[in-house]
Amino acid sequence: MREITFAQAITEALDEEMARDPSVFIMGEDVGVYGGILGQLAGLFDKYGPDRVRDTPISETAIVGAAVGAAATGMRPVPEIMFCDFLGVPMDEILNQLTKMRYMFGGKAKLPIVIRTLIGAGIGAAAQHSQCLEALFMHIPGIKVVIPSTPYDAKGLLKSAIRDDSPVIYFEHKLLIVMPLKGEVPEEEYTIPLGKADIKREGKDVTVVATALMVHRALAAAAKLQEKGVSIEVIDPRTLVPLDKQTIIDSVKKTGRLVIMTEECKTGSSAAEIAAIVAEEAFDSLDAPIKRVNAPDTPVPFSPVLEKFYMPDEENLIKAVTEIV
Amino acid sequence: MAIEKEKLIDMYHRMVRIRRFEEKVVDEFAAGRIVGFVHLYIGEEAVAVGACANLGDDDYITSTHRGHGHLIAKGGKTERMMAELFGKKTGYCKGKGGSMHIADVDIGILGANGIVGAGIPIAAGAALSAKLRGTAQVAICFFGDGASNTTRFHEGINLASAWKLPVVYVCENNMYAISVPQSKHQNIADIADRATAYGIPGVVVDGNDVIAVYEAVGEAVARARRGEGPTLIECKTYRHRGHFEGDPTPYRTKEEVDEWKKKDPISRFKGKLIEMGVLAEKEADEIDREMKGEIDKAVKFAEESPLPEPEETLEDVYA
Amino acid sequence: MREITFAQAITEALDEEMARDPSVFIMGEDVGVYGGILGQLAGLFDKYGPDRVRDTPISETAIVGAAVGAAATGMRPVPEIMFCDFLGVPMDEILNQLTKMRYMFGGKAKLPIVIRTLIGAGIGAAAQHSQCLEALFMHIPGIKVVIPSTPYDAKGLLKSAIRDDSPVIYFEHKLLIVMPLKGEVPEEEYTIPLGKADIKREGKDVTVVATALMVHRALAAAAKLQEKGVSIEVIDPRTLVPLDKQTIIDSVKKTGRLVIMTEECKTGSSAAEIAAIVAEEAFDSLDAPIKRVNAPDTPVPFSPVLEKFYMPDEENLIKAVTEIV
Amino acid sequence: MAIEKEKLIDMYHRMVRIRRFEEKVVDEFAAGRIVGFVHLYIGEEAVAVGACANLGDDDYITSTHRGHGHLIAKGGKTERMMAELFGKKTGYCKGKGGSMHIADVDIGILGANGIVGAGIPIAAGAALSAKLRGTAQVAICFFGDGASNTTRFHEGINLASAWKLPVVYVCENNMYAISVPQSKHQNIADIADRATAYGIPGVVVDGNDVIAVYEAVGEAVARARRGEGPTLIECKTYRHRGHFEGDPTPYRTKEEVDEWKKKDPISRFKGKLIEMGVLAEKEADEIDREMKGEIDKAVKFAEESPLPEPEETLEDVYA
């Protein structure tokens, strides 16, 4: 099968959905001529023009607010917030309009909006351009949370997100784009349903749930642990809301051991929620404490030596696994 | 004066309907049958009615926490509004929204809103949608003097002006943001001056004169429909009641309130209509009775409507 | 001992700290003549004047941003965001300035700021004026999170918060103010250290961790459960950051059972983090699944019948406890 | 021209120091010894230097993502800056901040900032602090044309004007927000016109003329110190390099860049100083050599400085 990059997967998904449905349009900072700050939108401006690929002022509040107004009146906006770190700016629009309007109106409005945004450390971008903020959105009812780890997933999930009638936030890990990560993606059309985890590697001793970049580090750790005779099952939830907890619980029933690895700051992360679910709903299957491998509770530091220490890696995961097997 | 008689009478109807609706809300709130935060529009009816008189059913409005007037002016049904205030299943939001969240998307009402200024970018978005879909729809966005200091005001109007969107921004300057007078919350006298910041027209209007509002907004709506972009219209007005029901209003004097009550937009309009020979005192009484009757029926509808089932709490989060 | 209300406890703390330290000042919407939307600041404007009790425009971004600038240059601002629901507006200032500046500057700035704000449902204020958002701030390193349940705690914690050299967010549950909850508070000065949980009731069968209003519902449930012979220990963490996990873990070691009850939406709540900590660090002491009693993952509905269903109550807690004893 | 010779020469020094510093950064970034996002100020030096020449050590500035120039103009040490860019322990932020977060609170530098417009309310807060403490300190806030469309611009300047705070807002209009030209991101030509919205003076200045900037900002600083509140000053300028290092600049033409290079603020100022008889060509060369030497030393210092220990990641979160 042909291989494409993570960024190309995103471009293709947008391209196909825009071709398919004239109500889909993009708006954001430097999405036009620039093609997205990391090139995720290359070529779309030329193909669809300035009406459907709209450069905005630096006005994240207006971007999300206008998306709400456009969606409530029949469009399917795909706004971009360049880095997820900037989601604090339109947070009120997300917290009080986007995620609540349908409910407050008694089910009368439909808000088919996909907010695309970059997450993650690893390129020396420091504290305000490197965060992983998915947990904040997990905690706000009314928005689905998508966090792909491969070009295949990125494309299939983005297409489903755009077709979904509810608000979605879609996180792109910048290192997967910059590396660039390549992966197999069929020429034929496909979609991936939101809410379906993917078992990225089967195993029987320990369940590791990981997201985005951490999926790759978990797989690398799993390969090393295999050499030591420890068999790891790596589960990529792909969407945190809806969360496919059944796949996780089924795996824990098999392995009896769970480690959750995400790049977020540990306290209050998506890893906490997954741990809490398993401690509540699959307690009897557990043979060992639930471990979390996360970034520390600090901002992301700049210096490469500090940033490396900050980011969870294979060694951290191997250590956590070793403590419970 | 080129406004048709029916139009004028219809506007008068709507103003009275709003007033009677809200007077009833005062009583029901005092009686404890309506709970929560209830912000009344009494004294400001000319703004909503004058503005919305320029719109059709498929045009849009965004409203505020002080929304009853806008909703009624745009054609909202008083019985479904009252039922919502009573927290009933037959309310516009099935009891989920309450006063601050009433909406009727089918007739372009994109919701009252508990977040000050939130409607400003939303209205821009609705206008963008109209533009992208190639319709002649416009959006009117209502907001207060206090809202003109929010993030949404600046980013929303800038976007609308940069993109020449068909939206009219109607600022209801009632001189206070809760307890804070305009002179303390901003260093300008006319909010319309802020139009300069976006290269759009800014207009000051007597917000207690429904015809003045109607005409100023009418011009702006026409401009918007011509594709020339947004206008900022400031309507100077005053709320007769406290910020919300229960507000002890320590921040203003009785004299000030009395002064403004003399400028009551409904009596003024009535006087004018009588003077113009368009309305007789008797007809005015008739309209008043009619509206009272409608509101009594609305209360009865609300009273007799069923409460939602508790489990309905869990519905309507996702589409 | 004399009894005062929850609101009076807050006023007293502010009054004492303003009298003590001229660098302390208040700013927010309707904090002046109005005395705070629920009267929490009654009398302070008359006593300290418009320079130190500053009415602001409706500009939450500027309120927090200006607090950062003032604090970095020697003042101790106590900004108020009227309802926590509005914290989405200045979220960027919190996420990227307030909580990160010290770190980004290599430890050179001190930001002694206390953001006071109202949380909670129960008065029919609907989706945009009733939320409990403490989990969002737990997940952002760099800010301490205080959530008192009694007048005594409210006063002692607020005084400590104001004296703390780090940013603090201080949540006031509106129902505790509106009821009004009264409680014993000594005339003499006292402070309560941040990071010290309070065991509000001792028990031996089940540990219940609860915050704010839920502490009172947990105590009521505990009284009923006592009649059925189930002995509940009720722990009020009082601060979520720093979290006194030792007190929780020690209690779980004794009881072997844990239920966490907060008014937040369940997914990603502070209850999830507490569950995850115990599942990670005290797994071997657990004899049963960890239960969470929370609001559902929906916005807060308006109608009193729905709002009542939405809010966790004694019955919900009793049911959860009954499932694990 | 009432400006003293020493002052003029000092300003020239600083402009050259900024230029030499950043030219070195270009090389070090290309060599991979500096990583992350690096936004260069080359071409805009007159703004920072002209503005900061009005300040003392205890006055404040807030800077931007494009901060090197502001920091050097306000007295920041190039060796500690370079060490920070190298991620070293001796850097201003012990390696935790990098280019976008360099600060020196001791001399009033409240930080570069990776969030566009974030400095605007922060500067208002520093000015409020000065006012509350009863000092004569002022704050200068730098920000770009793009930043003038953000939430922070509006709320921050409105607050500063409502409270008459001693702050000067210096907008560096370099005609682009990354790839988006001003004409597309706002519907006005002069950002200074936005002063109208806050009832404060708005001034347009040639941002490549350091003396013009110095004088305009000087007046605003004096006004601020007199307690008369903020001023908005727009400096028209241009960045010679891409938005950040690595930017392929598909959004502008080489002709446009060349046109602006002809208006280079440093050569212009040098020409003027020579014309005024304040500086000789030889002295200018000497200054250049001196600055080059300083920057070479800064690089050496950075190179030879130790890296932080990985565990330092965990420090400095709480006070």
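Annotations for the structure displayed:
Lettered A, B, C and D in written order, each chain numbered from 1.
In this text, a contact is a pair of C-beta atoms (placed from the backbone, for glycine too) under 8 Å apart; a residue touches a chain by one contact, two chains touch by 3 or more.
Being a predicted model, the structure only gives us computed values, none of them experimental.
The chains in contact with chain B as well as with chain D are A, C. For chain A, the chain whose average C-alpha position is most distant is B. Spacing of chain B relative to chain C, judged by their CA centroids, is 36 angstrom.
With centres defined as mean CA coordinates, chain B is found 40 Å away from chain A. Multi-chain contact residues of chain A, defined as those touching 2 or more other chains: 56-57, 59, 61, 85-86, 89, 92-93, 96, 103-104, 126-128, 141-142, 296-299, 301. Contact with two or more other chains is made by residues 93, 95-97, 101, 113-115, 149-152, 155, 158, 162, 184-186, 317 of chain D.
Interchain contacts join each chain to each other chain, per the touch definition above.
For chain C in complex with chain A, the residues that touch the partner chain are 85-89, 91-96, 99-100, 103-104, 126-128, 131, 135-136, 138-142, 241, 264-265, 267-273, 275-276, 278-281, 283-284, 286, 288-292, 296-299, 301.
Those residues of chain A lying in contact with chain D across their complex are 29-30, 32-34, 37, 55-59, 61, 85-86, 89, 123-129, 296-299, 301-306, 308-310. Residue ranges of chain B in contact with chain D, taken from their complex: 149-155, 158, 161-162, 164, 184-188, 193-194, 196-200, 229.
Residue ranges of chain C in contact with chain D, taken from their complex: 25, 51-52, 54, 56-57, 59-75, 77, 92-93, 96-97, 101-112, 141-142, 144, 164-166. Here chain B touches chain A in the complex through residues 60, 62, 91-97, 101, 103-106, 110-111, 113-115, 118, 120-130, 132-133, 139, 151-152, 155-156, 158-159, 162-163, 315-319, going by the rule given at the top.
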